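Below are structures written as structure tokens.
You will see subunit A twice below: alongside subunit B first, and alongside subunit C after that.
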Partner chain A sequence: MLENIKKLLLEFICRNFMVDENDVPQDRSLVDAGIIDSIGLIEISNFMEKEFNIMIDEEHLTRENFGSVEKMVNFIKRQMES
Partner chain B sequence: MKHSYERCTRCILSAAFPRIEFDENGVCNFCRETILYTNETDSIEKARKQIENLLKKNKGNSEYDAVMCYSGGKDSTYTLMLAVKKYGLRVLSFTFDNGYISPTAFENIRRVTNYLGIDQFTFTPSKKNMNAIIKASALNPIYNARTLTRISAVCNSCISIVNMTALKIAIEKKLPFVLAGFTLGQIPLNGIVFKNNYEFLKESREAPLKRLREKAGEFVDSYLTLPDSLISEIDSYPHTINLLCLEKLTEEEIISSISEIGWIAPGDVDGCSSNCMLNSFSNMIHCRALGYNPYELELSHLIRKGLMTREEALAKISDQPVKQQQAVMKELGITENELDTLNGIYGKK
Partner chain C sequence: MCGITGILDKNLNRDGQRELILKMTSTLQHRGPDGWGIYLSPGCALGHTRLSIIDLSSGHQPMATEKYIISYNGEIYNYEEIRDSLKQKGVRFKTRSDTEVVLRAYEFYGKKCFPMFNGQFSMLIKDRISGDLTIARDRYGVRPLYILKNNGAYYFSSEMKAFDTINGLKRTINRSNMLTHALAWNTLDDATLFDNIRSLPGGTYEVYSSDGTVTNRRYYELGETEKCIPADYESAKEEFSALLNDAVRLRLKSDVEVGTYLSGGIDSSVITHLTSHHNNAQFKTFSVGFTDAEFDESKYQNEMSDKLNSDHLMLPVDYSLIDQTYLEASYHFERPVFRTAPVPLFLLSREVKNRNIKVVLTGEAADEILYGYDTYKELNMLRQWKENPGTGSIHGMIRQLYPHLQYFADPKKLGFIKMYYEDFLGDFDNELAGLNIRIKNNAIMASMFHREWGISFNREKLLEETKSILPENYGSWSLLQKNQFLEMKTLLSGYLLSSQGDRMSMAHGVEGRYPFLDHRLIEKIFYYPDSFKLSGFSHKHILRDSFRGTIPDSIIDRPKKPYTAPDLQSFHRDGAWTETASYFLSPERIAEYGIFDPGFVQRFCRKFINGLPVEIGYRDNMVASFILSAQMIQYWINNPKKHTLKEEIKTVEISDY
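Presenting the complex of A and B:
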């Protein structure tokens, strides 16, 4: 399950933000890596809601949940299971 | 096999645009795969329903329903008209004066807001501070190259101040909505409607704000951050809505409608702007630093949607009056030698 979530998320990031998968850090903030800006964070959270059919509230928008690809994958999994 | 073309033969994206590839007919991968705009109709309809629900729930609960970022340009004029006439919103019009707004644009703002019978507020930062921000944004890699695929660095600085000031107004007055006049192509599909989140915004702007602070001065924080005293007052953040993204209109149709309420096209701006005399300078800087015009993505989107011809788009990006660029350079104290240092400042093209 985690691998599938990660694959879909990475596909979206690469397609939407015009980067190669090799350039996407797994354990570092995409903002810090210069891949996304403020609109990029909105795009990712909206993608997650639509693709994985989860609800993302204001309080979820934290570095703990969105601070890296790994954290996003774990957050999606938690939301899908809740 | 990769093919060598200077510009896509269907849209106007040029060979310097990030990750572009041409087929044997010179058609780019963005036209072939519509990479950035998949499922557009579904996404627009979803946004329309979300906006209708939000308006129904929040209209009439505050002093104004929304603060509108109104530049006096054609798109924000049409959006303001939509907000008031079509959606029946009580709007506070807000204009950011960067010191380079065309006098005709200000006349348009006065005529249109008078016609619509709405309140209008203009914020003008000190010329010294604003020029320092513009100069720093033009000559230094303040923003990520990826952010600049849709917008020039100078425009991005102005828009960031516009957005932050509008957010401040909305929070202070407890307004549920911030309205903006962006079109698809200028913003991604997911940006039609979104709830503002300052912590998110702050984090994403931390690095560019630090660079801007270093180059322009500490004062930039007062324009680009929210004071702690205001943050402590926040019950709920406003939604930002781009109503124009829900409409399918040509530029001609937009201009025809707003002309009826007194809007006049300024004669002292470039082909890509309808309000700002800084725009041609900003585009020239972008071309020097990144190799392509910052309007290519937006205009290419309009071509693919059938809302503009390729010839019209090419005419727009070609209409870049050198005299306007030189006047801005003189005002900011920028030399030709400094322009020569721009090539490659964002790394590999």
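Presenting the complex of A and C:
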């Protein structure tokens, strides 16, 4: 399940932010890597809510949940299971 | 305005020198369509193309006295006062021109004359006796001056295109500078995008001695004047208004008709309003309008024009016109741009010229000196947040910062923006100040370039470079004053005044004059308390307060709307890239010019295969404009235009052979 989430998320990131999959760091902040800016995070969260049918509240907006692709994938999974 | 050129080369013979100075000068005729002249001497040649504004019948250049020759591009607004003072000291004048005033002032005072000038200028002055060449530029870099060093020789020009006429020379992009440019909107200090080409920093002069040494001296730096804080806010308003009014008065001096640009924002509205004080007759105002309502400001332009009964021309601009003009405009702006905003100004100056106006007053620099940009608010917000961590007020502050962004209707989105700003808490108050924010916003740009370039952003290096240009008293300034300094050195001088300002108006021989860049005004208000300029979230506070009641409230109270033009929409229409865009974004062109990563460009092009989204992101607009303009810059380097000077408008040829 995690693999599938990651696949869909990466596809969105690559398509939307014009990066090659090989250039997307898994364990670092996408903002720090210069791949997205703050508006990019909003776009990603919109995508997450639609694609995975989850709710994202203000309290979820932390580096623990959004600080890297891996963290986002784990966050999505947790929200889907809750 | 005018165009100036120069050559310092001991190895050129007279014929070779004459041929080259003519070729170089021929590329600047758009800056000076009214006449041209050259000066030749062993080792040194000067050229000049003239836009006649003061003393139309004489004042030809290059201009000579027994000791000096000058080629100068500019206006010295206090030239009459300086002339009177020199006359009293026994100096005699042959013409009514400001050029002669500059020359005589230099003769009389030497290098000490430069800080006396209230104006915008670039100049080359040859000492006929010693052989030294002195070059100088105005305080803020309004008028351009580029220097190329090649094989031991030096070449000087108002625009870099003149260097394309030099045999065997092809401009090459400096990759590291290109990256800095992409991230910070301009290179720092005297660097340009190109190898071996420098831009003379504003507020400095250089002496090229006949023995080969070059010395650079600074005659002005921002914030050098002793602090003189007004007693209270009311006195400050009076002082400020009086100075601004005088700045306008001086800049209306001309033997030809002067108009103003009226964008609909408060800055140009104030300038136009003050112009009406000094003009009894109806005068001409100009603006750009957009068929796309998102960009159009004609409602506010008309409001001001009606109020002042100006003879107003609004030039309507649509996507297709921007697309069709981008290549020609890029020939003039000579560097990649992040927005298509310069293009409508290019088109507007053409209309201005068609109506026989050679001079316009515009509102540039108000945002820098009065804290008009959002960055000032962001820095203030970060400072307050750092001083009071853990308070709930950060959300309120962010909401005030972006009242027009619909994202923030949803409160949880605020959390992302809060996360974004949180990242700056560590370094927003380092030497880079607001540039930290700009660089982060532009970080995406770093991944566009060709992999073989092997460049990556080095923050430490940029910090060091920045530190090297900071004046001694920088540490004593407030964070916002520091930001003003950086904005004036980067975005203003390198981009707004050059690519969007001087280059776009001079493309059609129209001289822009900038009352907000009067150094007396800038120095006076630099040490005003920050709160006079940014009061809470009220930006340009003292400007708006001073003119409330005279300028319509609808304009006074407009939220800051930066002047922009449609970007991506101009190049991608009806589901496809336009012909121009397709050509310059094609894999063949991308490969041929070797600037950008083919994979990145391909992905970018494919992104809009199903059309443009309703809300186009900041990033996508920036990438489109930047990649296209960079490709076009390379196109012009590869295919320079050929020009010839018109013999019938030649005014002088002076020779010291």
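Quick note on the criterion: the second predicted complex is superposed on the first by the 82 of 82 C-alpha atoms of A that agree within 3 Å, B and C clash if a C-alpha of one lies under 4 Å from a C-alpha of the other, contacts with A are read in each partner's own complex, and residues count from 1 in each chain.
The working rule: a contact is a pair of C-beta atoms (placed from the backbone, for glycine too) under 8 Å apart; a residue touches a chain by one contact, two chains touch by 3 or more.
Computed from a predicted model, the values in this text were never measured in an experiment.
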Worksheet item: Following superposition onto subunit A, is the placement of subunit B relative to subunit C best described as a clash or a fit?
Response: clash
Worksheet item: Between subunit B (first) and subunit C (second), which, if any, makes contact with A:D37: first, second, both or neither?
Response: both
Practice prompt. Report for A:E11: first if it touches subunit B alone, second if subunit C alone, otherwise both or neither.
Written response: neither
Worksheet item: Which partner does A:F47 contact after superposing on A: first (subunit B), second (subunit C), both, neither?
Response: first
Worksheet item: What is the contact status of A:T62 with respect to subunit B (first) and subunit C (second): first, second, both, or neither?
Response: both
Practice prompt. May I ask you to decide whether A:D23 touches subunit B, subunit C, both, or neither, giving the answer as first, second, both or neither?
Written response: second
Item to complete: Overlap the subunit B and subunit C contact sets on subunit A and report the shared residues.
Response: 15-19, 31-32, 34-43, 58, 61-63, 66
Fill in: subunit C-facing residues of subunit A, complex
14-20, 23, 31-43, 45, 56-58, 60-63, 66
Worksheet item: Any idea which subunit A residues touch subunit B in the complex?
Response: 15-19, 29, 31-32, 34-43, 46-47, 58, 61-63, 66
Worksheet item: Which of the residues in subunit B end up touching subunit A in this complex?
Response: 18-19, 35-36, 143-147, 149, 187-188, 190-191, 194-195, 197, 199-201, 203-207, 236-237
Discussion item. Going by the contact rule set out above, which residues of subunit C touch subunit A in the complex?
Written reply: 407, 411-420, 423, 440-441, 443-447, 457, 599-600, 603-604, 607, 617-619, 623
